[in-house]
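In the two complexes below, subunit A is the common chain; its partner is subunit B in one and subunit C in the other.
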Partner chain A sequence: MSLAPLRPRYRESRYAYATVLPVVLLVALFTLYPIAFALATSLREVVLYRPWSTPFVGVKNYLDVIRSDFFLGAWQHTLTFAAGAIPLATALGFAIAHLLNSRTRLASFLNVAILLPWAIPTVISGIIWAWIFNSSYGAFNGALYSLGIIDSYVPWLSRPTTAMLSVLFAHVWKEVPLTSILYLAALQAIPEELYDAARADGAGSGAVLRHVTIPLLLPTTLIIVVYETMVAIVTFDLLYVMTGGGPAGATSLISYYVYNSMFVAFNFGQGAALAVLLAAALVVLITLYLRVLRTEEIYAG
Partner chain B sequence: MRRGGRVLTILLGGLVAVYILAPFAWVALNSLQPEKELFHVPPRWVPRVLTGDNYRFIFTGQFPAGYEETGLLRGRISEKARDALPALRNSTIVALAVAGANLLLGGTAAYTFSRLRFRGAGPLYTFVLASRLLPPMAVAVPYYLIINRLGLLDRYAALILIHAVFTLPFTVWFLTLYFRRVPPDIEEAALVDGCTRLQVLLRVVAPVAAPALAATAAFAFMFSYNDFPFALFVTSTIRSQTIPVIVANTAINPDVSFGVVAVTVVLTMLPPIVFAVLFRNYITRGLIAVTTTR
Partner chain C sequence: MNGRHYAVGVLLIALVVATTGVARGAAPVQLTFTVWSYSNDVILDNIKKFEAKNPGIKVTMNDFAWEKYTDVMTARFVGKTATDLAYSSDHWLQQWAAANWIVPLDDYFPQVATYKPDFAPYATEGMTYKGKLYGLPYYADTIIFIYNEDMLKRAGFTTPPATWDDVTRMALAMKEKKIVEYPIMFQFQDITPWYIEVFLSMVYSFKSYSMFDASLNPTFDREGSAALKVAQWLVDGMRKHKIINPASLETTEIPLVKAMGAGQVAFAVLPKYNLADLNTPGAHAQAGKFKMALMPGETHGTVGFVRFYAMTKMAADRGKDVRDAAWKFLEYFGGRTGGEFVVVKRWALEKGLGFAQLPLYKDPAIRAAINKWGNVTLEEQQSKVARAKEALTPFWGTWSLEFQKELNKALLGQKSALDALKAAAAKWKEMRK
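Showing the complex of A and B:
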């Protein structure tokens, strides 16, 4: 600030706006218009076969959506999905992080390999897993059959429960890199002295895990829980290539359901109401997320 | 006890390596086998025949041997898989442009947010970051309408715009935090010497911030390359369709040859895998920052 007299202030602020406004305007166009559009459309009846007439219907679309069994079902599926993904991604990530943290050659190899599922497009991982779970030629069926666990091939992706489990499995495979890396970072932040002190007090490895590691990793775990719930809300790609939301809507999570209402059923009014509700749900969750992060800050001192 | 722990670590590590890598190995092996072999029950865990036929089909259009037996229809459907090569080109062009836009627009904006005081700085910064709260599916239709109004449907520009909008908030946030940690002394000295802000950014700050810039470019590239829903909505022909769209729409066809799909899957995975391995340190640090910092 002491340099201010050397540079006329107006030139500096002109430079500031010149660099900031392109980003702000671009983001504004793709944020404010969609919000305004969704709010306006959600209050009207807009259907594909009657584009010339879009009467104002108030909150009817919202009521229709909320009263619909499919909407509740989609949320139920989303929460079921999150409830499955969270413990699996957390437990696996926690375990793998310990492996990544060991100073072995295998660990340095795993540190690179673990990034691969995260790096590839989600649709690609979905295609691979759909092929593995294929009912007629899949490797999963083949393996179980060869091991004598099943007598005949199971159509994993065509039964509601197994379809959900298959998608969940593919999802966890894709998410575990992130949770492992987060846990690894948290593990490495724990000072070695804490372990030494615990051991000096006579704690065994089980007690160290329970009284030192797990409590100190709690903030990371909270982050993963909220983050995975958010991911469940936006999950779409996997469902598109693995199940198409089926069988009978059993894997139609909320984002897929919104997609279906807009691009398959072409009910734009209801689709917009759904979009608003979806965005609202995400905002609530992210607010929660930020609160969790703030707690972590207090935690870290 | 020590020894036992070590053996256990190696055993579990091997298990994890298999869990992570087996799907990659499986799809790569499948891409090298004739279609008939893939339909064997139970699967051939060790391939009996290896062939480059599926790859040759994608690159030259020559049908794999024994392909005619499965009928004309199948041949015609798999023809779509040959769009993979132009789609890879589309994806790469779009993703590079998105990475470039992030460095150029995001980098300069972040530097301004981190160093300059101007009216509205706080609210504008918050606004840019908060824009990421919108879930993709909630903005799909309005995005389509904006792109249509701009006359950009089925053009690279449509994807570049949308991907830039989705990646810029992260870039601005990440780089702003990074620049704030760089001591401003050298920059002040350069300013006294008569450099403009832009010159300072390019000549003094950019070299120091190279790792952070590489990380944001890598993230932007990978977001754009991996994006599926938006690419699905605003593209319609191979003129702009990206590789996830082509591979997904080929693969969900139940009549398609998986050997050929496997080739497109392998080709699609190569660029992001190379990227991830090259930039792994930046990516790891970036991932941690994305999910744990505000």
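Showing the complex of A and C:
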């Protein structure tokens, strides 16, 4: 018995660790360190205009934000927004991908054109939509008025419900191109033989959709739903530009309060506590999705 | 070493020492000056002229967007990025001074006291923290009442409103005669910084205008307060009389000015410089029809605000040379040069900016320039009854956002005006803790 036979394997593992080390270091620097720093900040009283005093306050920042009267309302707005944005972006993306997947002459042009809203910076699209929904000269009001649907211009962004619907519309408009392209890529990867076999078994288009397309698109759906959940919950710039979180805070999501704590009140301790809570909520939601949409079990079933 | 060599050696050393000393004495003092971006060409030209007048001083300008200015400056101060002189504003003064980022000028330059009598009281107040003056004014202005004279005449009125009841009466007449559906519009988006300034301007037009007592406890949420009268007037205007455009809740400054310029608004409360823009020929469909009136109300008081040049703690700590150079800079930009407010006057003449230096109202060139788009007599009168915002605590900015959100709840009919003010007062107390 000797150690000699183990050496190559040991050398191999050392080599493996050495090759992944740069990436691990980068991840540590740009992900783990900021997370740890945010956690540490959330446990201290860090007010930017009192930089000389940052005492450890334990969970006080967490308790303060949870007890504050904006916390529940902001979560209510955030979840309402997400509950509208996620299914709409997913379902519309699925429907548009189906249209794009049909072999038409315009397909390649449409594939590019559909991506345009996604390519526009969010702040710019926010400004565009704020103009479209403007109560004095907005194109949306102009179109409805010309068609005789409204008698006078409606202040869409000045009423809580219509303001929320308007920002939701703008958000979905921006997100649907990405979900469409993801679904399109997945659709094009489904082997044609599966459809042929289903049709040979007498399946109609509804049955093909239900038993072939949808199950095979589940992994993509999972990715889309997870991504759209994250985007909907942390979205900030679009709402900030379109409504400033108003009217009367009706479109203030939890991300707005993170910004507000940090860059208006300069209270980085509370801002970090809110950000940690937001991240924790996302982890919980994503874990739930992964449990509900476990593709291996669905396939096995 | 013989005597000759020794003498040459001494001579060389003396030469080196002398040269270094001269070089050190001749090196210009470097000042870093931060501004928010506005007419940077004018600022740079002013700096050029200042440097020509003061060859021993070099100024580097750094500019940042107005919207991001406080964030950037906070980061600069906390990160100790070299900053000697900076634009500042009345609503950041408490925060910056409390953090010791900027220093009181009286402590370093006692001669600044000679300028105080020249300043409008609201401007002095806006630059003062704990009894000490922190700056010399870059510009100062008031919030004013602007009306469309043509619309008013069509409604049958020859003089502008003098009280808020007059405003209601005239607006109802315009509505009835179908001159305009909503004669009044405000910039009341939740987060616009002008919201609270406009509200306070209306409050300051009443005799008992104070929002807080001497110990900074809120009094604005009491029955009979001026704030409640204004809040109720706004709620009635929007929900009962329907004379205030409901789109006010999504409106900010520029869209409001555009709507007014297009003839969709007859009355608005705006920072005064907008009047110059509204009456610029060709800039708006209704250009030339806009006039200012004293703020309607019992005293015609309003809010005056001031933006000023401040010296940082970093500059103060750099030594006497830098402090002396900083004073020369401050005096050139915000004070007198050769007996004239050179830079302040330039801003007023070229850009229509308001000023805190009251003697400038006597300047014929200034009077002629203002009368092209406004009314210098009324402006001076309004300036004298303007007052600085009260209780500018370090949390004032955060609180004002909460205040605005609460008042918008009243305007939407979600709660009464009194309940909205009570909620805003509760926020104040909570933040004060």
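The rule we apply is simple: the second predicted complex is superposed on the first by the 224 of 301 C-alpha atoms of A that agree within 3 Å, B and C clash if a C-alpha of one lies under 4 Å from a C-alpha of the other, contacts with A are read in each partner's own complex, and residues count from 1 in each chain.
Assume a contact is a pair of C-beta atoms (placed from the backbone, for glycine too) under 8 Å apart; a residue touches a chain by one contact, two chains touch by 3 or more.
Quick caveat: nothing in here was measured; it's all calculated off a predicted structure.
First (subunit B), second (subunit C), both or neither: which does A:Ile124 touch?
It touches subunit B, and subunit C stays clear.
Touching A:Pro155, do we find subunit B (first), subunit C (second), both, or neither?
Touch status of A:Pro155: second partner only.
Which partner does A:Leu253 reach: the first (subunit B), the second (subunit C), both, or neither?
neither
Subunit A residues in contact: does subunit B have more, or subunit C?
B
Between subunit B (first) and subunit C (second), which, if any, makes contact with A:Leu43: first, second, both or neither?
After superposition on chain A, A:Leu43 lies in contact with neither partner.
Please work out whether A:Val65 is in contact with subunit B alone, subunit C alone, both, or neither, and reply first, second, both or neither.
neither
Given the touch rule stated above, what does A:Thr19 touch, subunit B (first), subunit C (second), both, or neither?
A:Thr19: touches subunit B, not subunit C.
Just to be sure I read the superposition right, which of the two partners does A:Val231 touch: subunit B = first, subunit C = second, or both, or neither?
neither
Classify the contacts of A:Ile181 with the two partner chains as first (subunit B alone), second (subunit C alone), both, or neither.
first
Answer with first, second, both or neither: which of subunit B and subunit C does A:Ile114 touch in the superposed model?
first
For subunit A, which residues lie in the overlap of the subunit B contacts and the subunit C contacts?
Touching subunit B and subunit C on subunit A: residues 136, 240, 244, 263.
Using the touch definition from the top, list the residues of subunit A that touch subunit B in their complex.
Residues in contact with subunit B: 3, 6-7, 12-13, 15-17, 19-20, 22-24, 26-31, 33-35, 37-38, 41, 95-96, 99, 102, 104, 106-107, 109-132, 136-139, 141-143, 145-146, 153, 173, 178, 181-182, 185, 220, 223, 227, 233-234, 236-237, 240-241, 244, 255, 258-259, 262-263, 268, 271-272, 275-276, 278-279, 282-283, 286, 290, 293, 296.
Spell out the part of subunit B that touches subunit A in their complex, as residue ranges.
Counting only subunit B, the residues touching subunit A are 9-10, 12-14, 16-17, 19-21, 23-24, 26-27, 30, 38-43, 45, 105-106, 108-109, 111-113, 116, 118-119, 121, 124, 127-128, 131, 133-143, 145-146, 161-162, 164-165, 168-169, 172, 188, 191-192, 196-198, 222, 225-229, 232-233, 243-244, 247-248, 251-252, 258, 261-262, 265, 268-269, 272-273, 275-277, 280, 283-284, 287-288, 291-294.
Could you please specify the touching residues of subunit C with respect to subunit A in the complex?
Residues of subunit C touching subunit A: 71, 74, 78, 95-96, 98-99, 101, 181, 189-192, 245-250, 252, 255, 258-259, 262, 264, 394-395, 397-398, 401, 405-406, 408-409, 411-412, 414.
Which bits of subunit A are touching subunit C when the two form their complex?
Going through subunit A, the ones touching subunit C are 48-51, 134-136, 152, 155, 157-160, 163, 240, 243-249, 252, 260, 263-266.
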